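Have a look at the structure below, then the notes.
Chain lettering (A, B, C, D and E) follows the sequence in which the chains are written, and residue indices restart at 1 in each chain.
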Amino acid sequence: MDIATLIGLIVGSLLVLGAILLGGDLGAYINAPSVMIVIGGATCATLASYPLARFLKLPTIVKKTIFAKPVETLALIRQIVELAEVARRDGILALEGMVEDMGDTFLIGGIQMAVDGTDPEIIQVIMETELENVLERHEAGKGMLDALGRYAPAFGMIGTLIGLVAMLSNMDDPSKIGAGMAAALLTTLYGALLANIMFLPMADKLALRSSEEALSRTIIIQGVMAIQSGDNPRAVESKLMTFLPPGQRPAGEEEAA
Amino acid sequence: MDIATLIGLIVGSLLVLGAILLGGDLGAYINAPSVMIVIGGATCATLASYPLARFLKLPTIVKKTIFAKPVETLALIRQIVELAEVARRDGILALEGMVEDMGDTFLIGGIQMAVDGTDPEIIQVIMETELENVLERHEAGKGMLDALGRYAPAFGMIGTLIGLVAMLSNMDDPSKIGAGMAAALLTTLYGALLANIMFLPMADKLALRSSEEALSRTIIIQGVMAIQSGDNPRAVESKLMTFLPPGQRPAGEEEAA
Amino acid sequence: MDIATLIGLIVGSLLVLGAILLGGDLGAYINAPSVMIVIGGATCATLASYPLARFLKLPTIVKKTIFAKPVETLALIRQIVELAEVARRDGILALEGMVEDMGDTFLIGGIQMAVDGTDPEIIQVIMETELENVLERHEAGKGMLDALGRYAPAFGMIGTLIGLVAMLSNMDDPSKIGAGMAAALLTTLYGALLANIMFLPMADKLALRSSEEALSRTIIIQGVMAIQSGDNPRAVESKLMTFLPPGQRPAGEEEAA
Amino acid sequence: MDIATLIGLIVGSLLVLGAILLGGDLGAYINAPSVMIVIGGATCATLASYPLARFLKLPTIVKKTIFAKPVETLALIRQIVELAEVARRDGILALEGMVEDMGDTFLIGGIQMAVDGTDPEIIQVIMETELENVLERHEAGKGMLDALGRYAPAFGMIGTLIGLVAMLSNMDDPSKIGAGMAAALLTTLYGALLANIMFLPMADKLALRSSEEALSRTIIIQGVMAIQSGDNPRAVESKLMTFLPPGQRPAGEEEAA
Amino acid sequence: MDIATLIGLIVGSLLVLGAILLGGDLGAYINAPSVMIVIGGATCATLASYPLARFLKLPTIVKKTIFAKPVETLALIRQIVELAEVARRDGILALEGMVEDMGDTFLIGGIQMAVDGTDPEIIQVIMETELENVLERHEAGKGMLDALGRYAPAFGMIGTLIGLVAMLSNMDDPSKIGAGMAAALLTTLYGALLANIMFLPMADKLALRSSEEALSRTIIIQGVMAIQSGDNPRAVESKLMTFLPPGQRPAGEEEAA
């Protein structure tokens, strides 16, 4: 689990809460219809932009983005090198028994196809198509969060306009003007908060997570192809190590390269 | 019919209506000249940006976008594989009798050309040109919806400025200032609503629908070319299945691949 | 002449005029210095952005954009096929007598070079360079209209700021505040109107016109090259027909292809 | 010297001055601290964005952009064709005596290398590297003007906020509110004027000048390479003429091509 | 150390301070909760957008950007040519003793691999991967500064909305309205200042620094490859000199080229 998004979200919300409590009482900032129009409006606009099936997957994608544990690239490379050693020593069929302990379903699928003797080109096409599908799903997820981040302030402004018109067409009691204007501004505040504390940072995080996952899956694809063609485990290692930033490479490997 | 766009549109409108009714009476929000200037202005600006013939096709494209039933890619692949089996078993001329039951006019056109013995290269050029034409028409449709989504808020602001100038140059009766300002703000509200509830989400939906249609037509082109060259129906199937996300592939096919 | 741009421009202006007349009297909306600063300022900023020679061609380009009759692609293809038939039957020199009736100067230039026996590669380079030049001129024209569309609202805001400062630094008579503010807002209104009714739609129209002209000139280039190399008129026709959307192709041709 | 930028700048400034004088007295619009914060702030932000050495070259680049005389492409081509004739007739060494009269230092450098017998590939690499360097310097110059055009309105807003806070926290004398607000708005006005009359148009002009210079230097590079390889002067001419728009080509040449 | 960023930052801040002191007293502009919400909010939103590990590296990257001494390309080329001379004269192993005096760790790493007899292709892959990693880190650093530059004004607006709602819902004492509004505007001022004086200029500077470092590392890679293949030091020099703008090349070299 990447703690940064949660910290950012929670501390950001607490800061805003603190600023509100310092300036007045919380009650003036809570207004159910304002919440309804901002969240509801942004959700409806995003729903209208995407097919229903894709829209319903948004919570899953978001949850995975926040709670998925970051890929440990070095451990993944070590695991693949180990598999390459077993395949070289005992033949590729020896990997069949190890499949269950591998953890990563994408790696399991690739090794399974190699063990089954599937044609290498077909393995590569299938694995790359799946990688593209994952990236495309992430892209759609980011697109939905971006849309929410655009529509939330827009419906915040719409809510404020509705409130202003209500207040202005009914100004008999001047003492209520302030309160009416305050209520009208609340939706703009909600829209700005939702976009800047939640939707936009999460869209950026999803894009980063997506490029991390693309990296690890590219390593897996290259590893499976190398294992299947029976490459020397040392050669596999030095090839995969170039995907790591130098600082993360173990000292010994670099010299050996 | 993809229900999401309709739900988003209707629920979004109801939410806004609810917010208005909670805050005051609906009458203050209805103003015919304001509707006229926002919708009329945005339509005129878009009309001036596009050739008349293309502009007049906008309603058709929009209707198709909302009501067209989503492509069922798996069923399409199964249908093509079936055609490939018939062509292999009974010769390509046997497909002639099946043309009427195919449903998709693009598929029918392709199969018809194959049955007529048209040169494969010419079939491919004609089908790809037609695909590009469809995408280009969708692109133009999205462009018009985007233009409406840009011009609606612009004419909303223009209407508000006209109203403000009218109110400010005639401030003899201070009690009417509120009502004048409320009326002036209505056009801005209309422009923001039209853009964010209708035009922009529909432009995004059209773009997604366009990429879905591109996918299904690419599958059809590849399928027709494979049928014409008499490929093995199993090979056709495993080739076309890579266009599907893994989760949607039937269990048996994947292993067989 | 493409009627859409004129309709959009005129109806859009009438709508705004109607909205003004409904809300008050026209006099409050007419102010010579405001017109001067918005139109003058936007023009000066655009003039400063472009070389004088190019800036002076703007009216010609705009006029051509609105009044040029749209290219009839099918008629053009038929004309080229006819030329190809004559060239095949009577030799390419027979085209010399037909040059005057061709109408399109780009087509005339190409055929003339073919008749003169110019080297095919040189014909192609010259015609493509000329096509690029036309597109580049259109691009510059669109750039100037876009610049006008950006600078008009900017100088509208500048005019409003000048008016506000004048009003605010001279508030002895509170009854004049409204009129002063109304006058100040006029420039913002002018800037928004000019940009959204005229400059931005015309920039978009120019871009579309440009892509239409690119299509017809590409057809002419391919046609001239085919005529010069003495291709079969049927082959020329089926090749050029792929540039047309299927709906516009004549029924017979498609089958013959 | 391209007169358009100067005309645009001066007439634009006069228009704004006229609008100010019509509306009130000039004194209300002059405020030294406002000038200081807008110009100073935008300059500091741009200075912080670029290395010192590059920032200091900005005035030179701007001066050259306004006062540099436009390239006369046709004259340049004629000059190169003349050099090609001399080189063909009297040998390439005969060009040595003509170097001083050539005017363009880029052309001189290229011819000098050709006369010195430098390897053609090295000449091309050196000339193209120099062309890229010039374009990169122009790009950086445009970047700085764009930055000034972005930061001037931003510091205009910052100045207005500072003025508003000063006015609002000191409202004992209501009669001074108007004057305070007028003074606060001045920085926004300055920022908008600087950006839209000076920085943004000059950035666009620099981009155009840069593409013009790229064209003339590309012609020179092609010309020097052709002279060195001893090409036929007629061939050199017809090759270089394709860089000219047809309208600018002399009548005779086109037919000869 | 590149002095421009520091000068820009400090003088810019002093200008703003001066403008504040001219207009009123500094006290009205200092407000701890406002600082908290703008800086805290922008930091939290950026933190939520990036993995924790990357976020924590931001201060290091920023410090390096400001204080890193600019690369002296000419000195670097001279140093590489010297190494090429030693390698040519005394063999590549003679470079081993010079490694410690080289200064640049990237150059040291490359020479060390060449001395160790590593395969040239592997050296190139490793050095280019490392270059890409550095650029990618700079890109992420710029991304974070851009995010801060976007979120600071956004949280400035959020703070102002919170302040306005507090003031408007509590307008019993009209004499406090001015002070409340002044306090509310402070966060917008802080957000604009932070973005335009610090974050955005530093993001641009980091992008420039990154392209400078890419240039010097590209020179080192080419140099190491040339040294390893035993190229003539003169050839190495004339090849690397093309990376320098002509004005910076020493007079003698250019003629020798």
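Quick note on the criterion: a residue touches a chain if its C-beta (ideal position, glycine included) is under 8 Å from a C-beta of that chain, and two chains touch if they have at least 3 such contacts.
From a predicted model like this one, the values you see are computed outputs, not experimental measurements.
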Reaching chain D from chain A through chains that touch each other, fewest steps: 2
Inter-chain centre distance, chain B versus chain E - centres from mean C-alpha coordinates, in Å: 44
CA centroid of chain A to CA centroid of chain B, Å: 27
Where chain E touches two or more other chains at once, by residue number: none
Pairwise touch network: line, ring, star, complete, or other: ring
Chain ring listed from chain C, with chain D in second place: C, D, E, A, B
Contacting residues of chain A [partner chain B, same complex]: 33, 36-37, 40-41, 44-52, 55, 116, 118, 122, 125-126, 129-130, 133, 137, 147, 151, 154-155, 157-159, 161-171
Interface residues, chain C side, partner chain B - complex: 2-5, 7-9, 11-12, 15-16, 18-20, 22-24, 28-29, 70, 178-179, 181-182, 185-186, 188-189, 192-193, 195-197, 200-202, 204-205, 208, 238, 242-243, 245-246, 254-255, 257
